[in-house]
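Letters A, B, C and D name the chains as they come in the text, with residue numbers starting at 1 for each one.
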Amino acid sequence: MDTTKPMTLGYDIRLELYRLQLDLRYCEKRAYDLFLQNLIKGTSHLSLGQEAIAAAFGVAMRPDDLTFCTYRGHAHTLARGASMEGVLGELMGRECGLLGGKGGSMHLTDVSKGAMGSYAIIGAHLPVAAGAAWSAQYRGSGQVTVCFFGDGTTNIGAFHEALNFAVIWKLPVIFVCENNLYMEYTPISSVTAVEHPAADRAGAYGLEKIVVDGNDADAVYRTAVQYLERARSGGGPALIECMTYRHSGHSRADPGQYRPPGELDRWLERDPLKIYRERLLGLGIVEATLNDLEAESMRKVDAATETAKASPAPAVSEIDKNVWADGSTAWRN
Amino acid sequence: MAELTYREAVAAGIAQEMRRDENVVFLGEDIGAAGGVFKATVGLFEEFGPRRIRDTPISEQAILGAAMGAAMTGLKPIAEIMFSDFLAVCWDIVANEIAKARYMTDGQITLPLVIRTANGAGSRFGAQHSQSVENWAMAIPGIKVVAPAFPADVKGLIAAAVRDPDPVLVFEQKSLYPFKGEVPDGELVDQLGKAKVLRHGKDCTIVALALMVHRALAAAEILEREHGISCTVVDVRSLVPLDTVTILAEVAKTGRLVTIEENPRLCGWGAEIASIVADEIFWDLDGPIIRITTPHIPLPSADQLEDNTIPSVERVVREIREKID
Amino acid sequence: MAELTYREAVAAGIAQEMRRDENVVFLGEDIGAAGGVFKATVGLFEEFGPRRIRDTPISEQAILGAAMGAAMTGLKPIAEIMFSDFLAVCWDIVANEIAKARYMTDGQITLPLVIRTANGAGSRFGAQHSQSVENWAMAIPGIKVVAPAFPADVKGLIAAAVRDPDPVLVFEQKSLYPFKGEVPDGELVDQLGKAKVLRHGKDCTIVALALMVHRALAAAEILEREHGISCTVVDVRSLVPLDTVTILAEVAKTGRLVTIEENPRLCGWGAEIASIVADEIFWDLDGPIIRITTPHIPLPSADQLEDNTIPSVERVVREIREKID
Amino acid sequence: MDTTKPMTLGYDIRLELYRLQLDLRYCEKRAYDLFLQNLIKGTSHLSLGQEAIAAAFGVAMRPDDLTFCTYRGHAHTLARGASMEGVLGELMGRECGLLGGKGGSMHLTDVSKGAMGSYAIIGAHLPVAAGAAWSAQYRGSGQVTVCFFGDGTTNIGAFHEALNFAVIWKLPVIFVCENNLYMEYTPISSVTAVEHPAADRAGAYGLEKIVVDGNDADAVYRTAVQYLERARSGGGPALIECMTYRHSGHSRADPGQYRPPGELDRWLERDPLKIYRERLLGLGIVEATLNDLEAESMRKVDAATETAKASPAPAVSEIDKNVWADGSTAWRN
């Protein structure tokens, strides 16, 4: 691939990128509504405003590629093709949930789609992702592993160990830092020694510095294709920092009042869906096509919501299942 | 007497000690400007400022390492580990460094530090944010471990922990943060290593910790009222040092021991107490020792699943009815 | 039957499984070209080469994380954590990730992996390289835990662990590495979750693990010969799953339980077994349950100090003489 | 200080540097002899060949500055002024040992001399050192903390966390990586993504890259003075990588056979004591002066050895002391 010129993207790819961003946005918004109705318990971390990244990778990845993500993982899981009712059902603690209600919002997983789990301890999934990439390399499967995490994650030890490990074994893994400027309530800049918490550290692992506009699905898609291809052909890992912003608070409990006035508004101007819709119109795609996509996405979310709402609570007997591979939880004979 | 919530009692305890001693400092993630993710440290940043209240990066090893280094050189740090589950990412600093430094150096290093952390289930957070891990700490020689059940104990035990010259882990049960209770006005300093007898009975002695104390009391009430079974309830409060004097005396009186533990079964504090009782007052026992614990599984997240996993009042009533006569 | 050392049995067990299954891989620090710091993996690098036997950086989280990621995608990794004390630096991966993945995903993720580690005291290495931490693992739902005492068990249990579809922690007692014993020729695959009765007696049942099994046997010999006290000795071998059937049956027969534990006292596996016995066969007991453990302190390093800290044959003899009649 | 010109070192400093290197060398050699006589049990990690680093910092530091080091910490502890009989006694498990026999070779500590401990879990002491520096900053004591560790330590998570932490709080701490090319038996280059495991990562924490010849006591001393001064005056931390080599194996059990033929010989040519003796002679210091220093150092080691040998084993009753500040080990009432 000639990486000197920007890759030309066809209409089909572009429509797919829009469609997927819509799905992620509408489903996440629905999750928010369901909180307000108290149908979702526990906590929940939304990706509103950050959808371009998950969507671009979702479109760029091969179906058998592997995704690892965090508690803020609804979008990344959906982007691999997990069902909306599976996701919403899990958030609502229903039987139809991806994890039968056992995992909850922070642990969405759909192994059948290559969504290898959402991990809620900061940093832990980076070495796990490296391990999945090692396995792909060992088995010669050609799979690439993509591992998403936040800016705050770059200051924990596991980040460092995983990056070095992936490089020395030349593993087919892409580490994607979604820099949304904040950890929970604390700005990343106030606790990090460098400006770009991921990219400015790439050199420490012999990797190149890559910073991408994370609100521009095309930019993320081009970068994704380039490094997925490189990793797939044995060129080893990459560390990509995507600049973005979350529209809502860190989690359900957070109104986000620590953000300086005007900051959110400026970022809403750069809303990835807004940007992308305008771009498609500029490219001559007729508005009706977009309206159709939007309506179709909303129908899917509505249908999934109904399915999930209709699904019963998991049976209490499920508690005693699936610690072990034999399906049991027995620790004694 | 003021009525405070458990979470307000946390801030009150820390504030009391920070006012008294300039060398008390407090560090952790989002504890300062934001007042903590559980809002248990609201107001401290405003009162004590950024020199003494320090927001940190997501670097738990650095947080506890820094607390250790500061403690051995004259400060009295309080470090927050946001959820007790995250102790796993800095367990080396707790178990291998902080707990062992004094003994390994034959007393050259003393570590007056406190680690506070939010422990336990009930919030639908799933298996990585809901564990009761006080037993991890109890199993490590060299750290003291407390787990208060009431706002007054929270304030008093945090104060005692700060004044103690040794490292103390304070497990705050996150399901109790909204719980309200009377807290005496003025300076309050409790004592580590003291259990409390909250109710006297004749038929069995229930020993419980943190949230389970409340369930034990509720169950004891029902057992007495509806089934004529009269229970002593002991709130352990402090796992290390362990108040075996009180526990053994109370078990000996009723002849029966029931532990109620939020932790998964294996190697819980209840096992330790059971083994002490079965050794030292075996001849006072009138029947089997019962442990009521969360089953030995990770915690599920959906409402009905979580509620049916940790010991409920109903389960305690049922098991005691079945097993104590 | 060949006579192998405990350390040779490690390599033999791993080699047997690597020959059988191409998906078994092995990673850790200095395990390959150097044959391991305890020389327990000598010859594997030569036989299986650098693709399957991988020396790693000093990155324990990466080692276990990599094992986990590989296990969920088709490989059967064996990971070495050089000293069991170092499990503390990667405890999150063990306790929060590996142990919980299957349950949290309701069975979507299965983790056929093995973690081997050198456990225990006796080498004058001091408090950070001598701990017996098998109880840390036992307390975590979702991992299986074995701790062999004899070379044949080492080989057979490592093989069983590799074939098991779930994560298994194998604690190799480092003081036993030079110990020699008969190991059957040919393929050897043991079974997880089975205790072994090594000696039958009438007066009490000693339950022990790893090095303490050898001390229990030696003590039982002396007690029988010199003091007319006849002891059953049960080698627990597997903490999870726990063979309560064998243990309860053997304790019921003699009416007395003595556990011998190398771990510091609080929350040891012996406490768990004591609590099970005191619940389920209380009426079969003829006297107090005795636990003989290392005191609840970090381990000192000088010869005389270390030798007088972990339970010795003399101490076991003395305590049983005093307490069992 | 003008850092553009090399600092001129006076004779007194130079003789002090030589004297201290001799003490470290002779005492460490004695430790080796005592192993062979089976008077030292357990393991032991010698600094033979690496003495210039500990000595240079020892001379450059203020008496109230603080040192943190590893299991390979005999030299660093002695360099702060800990007594030889205390060190040898501890290695031999005697009552006169610095830790009364409780810690052993890997945990040498002498708080009265600012030697704040030897830590045997890779990486753990880096954040602890940062904490001591925080305390000095908070108390305004002007103390600087120096933290020594090996090349292999740069790949563990705690390294990363501590470096970022020290920089964002601008702590008075110097991290000194002694790159002796090997971890235990594995070359650092085979498991690290960059050539200089510490210095090539300094940029990831906004620090400058510093590589020093660790076998040249003057070079290390000059660097030490420069960054100690900077840290003391509020300029924040530094990360210094000193290139060196250990003459013996990793620990007592290791004959070091993984090293390529000739490598040791080349490094023996660059033995810090040899280099330094030649330099002093070249500077016109008469050989008799050096001979006297050498004899004096040997006398000290001999005397310490006798004292340690004469010291009894610690009393068994010591086992039950000093878990807690009240001197007890009680976990119950």
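We take it that contacts are C-beta pairs under 8 Å (C-beta built on N, C-alpha and C of every residue); 3 or more make two chains touch, one makes a residue touch a chain.
Computed from a prediction, not measured in an experiment: that's the story for all the values here.
Which chain has its C-alpha centroid farthest away from the centroid of chain A?
Of all the other chains, the one whose centre lies farthest from chain A is D.
Hey, which pair has more contacts between C-betas, B-D or C-D?
Ranking B-D and C-D by C-beta contacts puts B-D first.
Just give me the whole-number Å value for how far the CA centre of chain B lies from that of chain C.
30
For chain B versus chain D, what separation do you get between their C-alpha means, in angstrom?
40
I'd like the Å distance between the centres of chain A and chain B, where a centre is the mean of that chain's Cα atoms.
Comparing mean C-alpha positions, chain B is 36 Å from chain A.
Provide the list of chain B residues touching at least two other chains, using ranges where the numbers run on.
Residues 56-57, 59-61, 85-86, 88-89, 92, 96, 103-104, 126-128, 141-142, 240, 265-266, 296-298, 300 of chain B each touch two or more of the other chains.
When you check chain D against every other chain, which residues touch at least two of them?
102-103, 107, 119, 121, 124, 155-158, 161, 164, 168, 190-192, 318, 323, 329, 331
Which residues, counting only chain D, touch chain A once they are in their complex?
Chain D residues touching chain A: 155-161, 163-164, 167-168, 190-194, 200-201, 203-207.
Over in the complex, which chain B residues touch chain C? Could you list them?
Residues in contact with chain C: 85-86, 88-89, 91-92, 94-96, 99-100, 103-104, 126-128, 135-136, 138-142, 240, 263-272, 274-275, 277-280, 282-283, 285, 287-291, 296-298, 300.
For chain C, which residues count as touching chain A in their complex?
25, 51, 54, 56-57, 59-75, 77, 92-93, 96-97, 101-110, 112, 141-142, 164-166, 193, 240-245
Along chain A, where are the residues that touch chain C in the complex?
66, 68, 99-100, 102-103, 107, 109-111, 116-117, 119, 121, 124-136, 138-139, 145, 157-158, 161-162, 164-165, 168-169, 318, 321-327, 329-333
Using the touch rule from the top, collect the residues of chain D that touch chain C in their complex.
Touching chain C from chain D are residues 41-43, 93-94, 97, 101-107, 119-124, 152-153, 155-158, 183-186, 190-192, 253, 258, 313-314, 316, 318-320, 323, 329, 331.
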